[in-house]
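In the two complexes below, chain A is the common chain; its partner is chain B in one and chain C in the other.
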Partner chain A sequence: MRYFLRRVGYFLLTLWAAVTLNFLIPRLQPGDPAEMMVKKLAGKDAELDPAKIAAMRAMLGAPEGTMFDQYVAYLRQLLSGNLGVSYNYFPTPVTDVIAKALPWTLILVGVTLLISFAVGTVLGALAAWRRNSLFDSIVTIGSTFIGTLQAFWIALLLLFAFGYILGWFPTSGGYDATTPGFNLPFIGDALYHSVLPAAVLLLLGPIGWVLGMRNTMIMNLGEDYIRLAKAKGVPDSQVALRYAARNALLPSITGLAMALGGILGGQLLIENIFDYPGLGRIMGQAATGKDYPLLQALLLFTITATLIANLIADLLYGVLDPRARKASA
Partner chain B sequence: MTTNPAQPTPQVQPGGTIDPGDLAVAAAQVEEVETGPTWWQVIWSSKKARFGLILLGAYILMAILAPVLAPYAADNLTFNPIEMPSSAHPLGTTTQGADILSQLIWGSRVSLIVGLFGGLFATAVALLIGLVSGYLEGTWVDDVLSFFTNVALVVPVLPLIITLMAYSEVRSIWFTVLIIGIISWAGPARAKRAQIITLRNRDFVTAAKFAGDNTLTIIFREILPQMTSLVAAGFFGAATGAIGAEAGLSFLGLGNTESVSWGTMLYQAQLQGALAQGLWIWLLVPGLVLSGLILALTLINFGIDLISNPLLREDA
Partner chain C sequence: MAAPLLEVKNLTVRYSPKLHAPLNAVEDVSFAIAPGEFVGLIGESGSGKSTLANAILRLTERPGKIAAGQILFDGLDITTMSQDALRPYRWRDISTVFQSSMNALNPVTHVEDQFRDAIELHSKLRGDQVVDRIKELFDLVMIDHRFITAYPHELSGGMKQRVNLALALANDPKFVLLDEPTTGLDVVVQRSILENVRRLQREQGFAVLFISHDIGTVLDMSDRILIMYAGRIVEEHDTRDLLRDPLHPYSKGLLGSYADPRAETVRITYVPGRPPDLSREHQGCLFAPRCPEKIERCLTVEPQPLAIAASDGATGAGQATEAIDTGRPRVACHVAHLQREAPDTPGLPAPTKRFLGPEFVKSVDETAAAVTNEVFLEVKDVYKTFRTRRGFRVESNEVITGVSFELRRGMVTALVGQSGSGKSTIARMITGVDRPTSGEIVFHSKGGPLNVGRLGVGQLTRYRKFVQMVFQDPYSSLNPNKTLHYILSRPLKNHRRMSGEALRKEIDNLLERVALTPPGRYRGRYGYELSGGQRQRVVIARALAAEPELIIADEPISSLDVSIRAEILELLHRLVQDSDVGILYITHDLLSARMLADEVIVLNDGRIVERGEALDVIRDPEDEYTRRLLEAIPNPFADMPA
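On to the complex of A and B.
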């Protein structure tokens, strides 16, 4: 129990640090990002709601008031859930912009992550079990070489070959003119658009899992309990699956929990290349278009998601491996 | 970790003098003692690492000799746009009339500078924080430093870099180096902290303490030399990350705006519609050379792993 309380306490502390970092970043900048945003928005020739200006000032920095007053105002604003309006998507609140992009990223990155995890773990376990075999060499050397390729470059090449030259897949966007909705034509269309970005993620995704699983499994295969199992005549396939792989899976599972938190950051480069309507693309646009309210909200959202995933991974590890509970209790 | 082989010392009787002949014998014995392979021999003995070193050497030569090798200046936009490869332009020209080969050669400088200084900066910060917090494990200093390390470790790197970049008006290579360095020290710092905790209770540290050395001297003069391979691996890891991050940032249009790099080449290629116009060389080569450099660094790190983990050597 102490282990779990400690993890939760630690989570709250890191969350506070992250929220404070988010408060500090715009205020450490030369000039006044909030003032700049207000002026830019006024230039949009739209009616500016005083409440919206106040929200923006609370998030990005106000000319008046001490740092402490600003900090209190910022925290209050966060708790109210009003993070300001986006400049790029004026006058939509940033939270709505994020909510709209979220499902796209969740589905594309989430599904490819789960497939990558499954494929990578199985390949890594097999490579470790048949260590120094031809299969092992192909898997490890292949992973190393593919791992040195840059994801965004592979994306560009695939887009060029299959999008432009062969014309098999659409070159940008998440769907065509059909209105989004839960109907068969739309889902089919969205799937069709996601083939190329998913291919890039599936090509590079398994690598980390392959190498991680292979290394832990090789370490586990050297343990005494494996030798005992072999000595007492447990069949090879049983030793591999029920003994070695099962234990080697531990770090990978916590890794998966952490990676699931990471997907909310979106796939910045990939989504921008394919103009895929997820979180990564709106973050890229917010950065190049200097849409500070959206950028800050996205950063906060990404960090919080990662921290929560880390907490889950820690708690999961405590449940799965009693040694971890004891070590840090 | 290599341990020094026991060095035979001339037996000196109390009150006696050392016979020069004895010294010569002792020196000869030292020569004979089987010393393990030096770190250089270990790295060079691995085929992968040797290939990586040669490849990295080629990149460094390309960067140094850029004025000689490159046919034109990287920012020379006076040629006919969209030319196919010819003897005047071996890789053709861009839509803005720049020579692709020249841009490629000059661009190697940006990647190497970012890798070198980003790696050095991150390593220096990681060393300072990791060593101090590891040596003072259990004190409040360690608690504070470890807390910062753990926060920096879980914060997603790319979104944070992009946010910081978006606020800045000046975009030089050095700003990129600074941001990448500030953000990527945490992982190496934690590895170094773990390492020093295992080292700090060894006899040689206790001896130094009794000799009256202060904490910083012990950390940096006594303990640091014992973990060279960890530091080197951390450096190459950070350098690889910095080079990849620079390319990614430049590709998003958030990199430096002053000089041509492989990332900015790809950014321009995408912006100017190289895809739709069939200018495949413009897309292909910057990514290819970038991957080659990252491959070289990855292979060198395989060799460094062999130093700290002799078990791996049999495989090589």
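On to the complex of A and C.
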């Protein structure tokens, strides 16, 4: 029990630090969003009218007062769930912007991650069990080779081949002429649009899991308890599953929990290449458009998600590995 | 002998690694074990004993392969049986306890589960019946039932090993293979586990093959002994007869590394040189390069392990190949055979029971002289408390409680204790790595007294010139990628500001002092090219380079093979004789303490429980703990006439 309380304590502490950093970092960056906004409205070469900028500031609700006042106001707003209004999508609240993009990313990245994890771990375990076999060579060499390719490059290649030349799949967007909602035509349409981005993620996703699982499992296979299990006459399938894979899975589970936290960051490159309406694309736009409230909210989102994922990983580890409970209890 | 339970016939196990030359780690090995028999197998590192163990269990892994021969278990040829066909016999008939087994239990499941699969796979017991059986087994090894639901990491080392033993007996096997079952455990724990094994073996009647490099325990436990060298069995002998009349010179060498520590003058022998590289071509007897009794024939013809003819001469050597069952000793040595069967052969050395190689002698007279030498290090009422922070709480743990002693020039003081007794902490405080919590350590260097616990960083660097360490494991304390020249030049440059020709000369001088001669042959070599004993010599030379006044030797021989341990002891001994350097010899082994040290300090739980001249402590221990330590030392010679 102490182990779990301890983990939760650490979690709260880190979360506070993250929230504070999230407040500070954008304010340390150069550039004034109000000026940007005026420029955007008035055209690049127009004279900047100080009055217009002041008006713009007031409208955006740009920060006022000392840093400390701002910090207090920021925390208060956070607690009430008010994260501000997006500059780019003015006057939509950032929470709405995020809420709209969230499902897209969640489904695309989440599902491909889970599939990648499952496929990668199984392939890795099999490769380790049949070490130095043809299967192992194909899996290991194949993974290493594909792993050297860049995601955006594969994405462009797929886009070019299947989107433009063959025309089998749409080249951008999340859906076409259907009405978003829980209806069959829309779901079909959305799936159809996600085939190419998902293909890229599924091609690259399992690699880390394959290599990680294979290496840990090979190390585990050399342990005495594996030799003992064989000497006990435990059937191979059980030695592989209950002894070797069970132990080798531990680091992978932590990795998975952390990767789940990373989902909310979206897939910046992939989503932008396919113009996919997820969080990654929004984040890219927010960064280039100096959309502070949106950027801040997105950062906060990803950080919180990562921390929660870390917490889950820690707690899970405590359940899966009895040694962890004792060591840091 | 009755029909054998396990019969190994001409077994050869070959390793064919991709990057190295292939070698036969086990070659043409034959022996048999009868039901209920307790057989010991002695071999040093690289002798092939673990390879043999794996082959018997049919757990040989690539690149290893059973290349020739047969393994019969209960009349059944298991040499080439498929793993599936073999599975029903595993753990029902043959079980095993692995080397010190820290890792033999699956760390993520309860102890109960690991018994459960072993029992359910091979019996009809299910559910609570299995738990009842586990309770019975825990009773056998005297472990509380509450540990049935524990995880392996919640057990101490000794308990783990008992649990492993209980696990091995789960299905009343006919044969248990013990592969270094107590290596790495404290002597007292080791003793109690081995007594347990022997008692259970008598009660339950299973046969045992007990494999170890620890000659003392093997001799103590076994009815019959197999001695392995370079992948071959060189001698097979009843334990009592082996002690009385060892046949193979290597066996004599091994036995010679043991002696009665109670004697006024202790003599132990060592086998110079190193085991052969089996991946190279060889001719003749593999032990010949290290053998003091070799004759010409040994260099050309490889001796076979043949039975010694009975004293009435009824059987000649030639007919003896089938002699596994005759109960007569076997030996693979031309000299041993000729001495018994054709004593008139010209050039044959006279029969001997001792190893004729180099010898290390320690007598009481030396001690008498040493204890009056000048004191140069005083440890005065030292306490050491470690604090560990856990969240907001601080836990303190007193590891050294009021320890006082002094060290003298030109004298060896042994600090004896089990792991956790605090002996390494004391060493760390003397070297200045740790500081005492209270009390002081004063070093009287030739330049005046130094309070070791108060030295600043710069002073400490200078202090280290006076105090040097020799570590336990010469494999990890030498950088394998540097030449000996480089390794030895570092302390010479740092502590003695030497360079150029003077440096080179001093390096040669150091190599000569540790008997790595001629120095020209060793200067340019790398650490990894040397044997364990040679490496430890380099480590000692490195310690000497700074011209220290004190050398702290922390278990310097415990990771070395038994047959060469005395070699390092002798070297340390000679250093003390030739210069006035003092040695603090840290060990868990009272026996080696007696051989090297003039004075013995016994440490238990951070306190000094006994202190005195080495021989007095050994002969007449006053403290209960010292007595237990002494009793735990295997003494195969106990009932032998002196």
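Note that in this section the second predicted complex is superposed on the first by the 292 of 329 C-alpha atoms of A that agree within 3 Å, B and C clash if a C-alpha of one lies under 4 Å from a C-alpha of the other, contacts with A are read in each partner's own complex, and residues count from 1 in each chain.
Going forward, a contact is a pair of C-beta atoms (placed from the backbone, for glycine too) under 8 Å apart; a residue touches a chain by one contact, two chains touch by 3 or more.
It should be emphasised that the depicted structure is a prediction, and the values quoted were computed from it without experimental measurement.
J.: Quick check on the superposed pair: does A:V72 touch chain B, chain C, both, or neither? Answer first, second, both or neither.
T.: In the superposed model, A:V72 contacts neither chain B nor chain C.
J.: In the overlay, work out which of chain B or chain C sits against more residues of chain A.
T.: Here the partner covering more residues of chain A is B.
J.: Would you check which partner chain A:V319 touches, where first means chain B only, second means chain C only, and both and neither mean what they say?
T.: Neither partner.
J.: Should A:N247 be classified as contacting the first partner (chain B), the second (chain C), both, or neither?
T.: Touch partner of A:N247: chain C, not chain B.
J.: Once chain A of both complexes is superposed, is A:A229 in touch with chain B (first), chain C (second), both, or neither?
T.: A:A229 sits against chain C, while chain B stays out of touch.
J.: After superposition on the shared chain, which partner residues are touched by A:R6: those of chain B (first), chain C (second), both, or neither?
T.: A:R6: touches chain C, not chain B.
J.: Is A:T302 contacted by the first partner chain B, the second partner chain C, both or neither?
T.: First partner only.
J.: Starting from the residues of chain A touching chain B, keep only those that also touch chain C in the other complex, and list them.
T.: Residues 132, which sit in both footprints.
J.: Mind pulling up the chain B residues that touch chain A in the complex?
T.: 147, 150-151, 154-156, 158-160, 162-169, 244, 247-248, 251-254, 266, 269-270, 275-276, 278, 280, 283-284, 286-287, 290-291, 294-295, 298, 315
J.: Would you pull the chain C residues touching chain A in the complex into a rising list?
T.: 57, 59, 62, 83, 86-92, 94-96, 98-99, 101-109, 117-118, 121-122, 151, 153-154, 391
J.: Would you mind writing out the residues of chain A in touch with chain C in their complex?
T.: On the chain A side, the touching residues are 6, 132, 223-225, 227-236, 238, 242-243, 246-247, 250, 320-323, 326.
J.: Touching chain B in the complex: which residues of chain A?
T.: Residues of chain A touching chain B: 10, 13-14, 17-18, 21, 25-26, 29-30, 33, 132, 144-145, 147-150, 152-154, 156-157, 159-160, 163-165, 171, 262, 265, 268-269, 272-273, 283-284, 286-288, 290, 292, 295-296, 298-299, 302-303, 306-307, 310.
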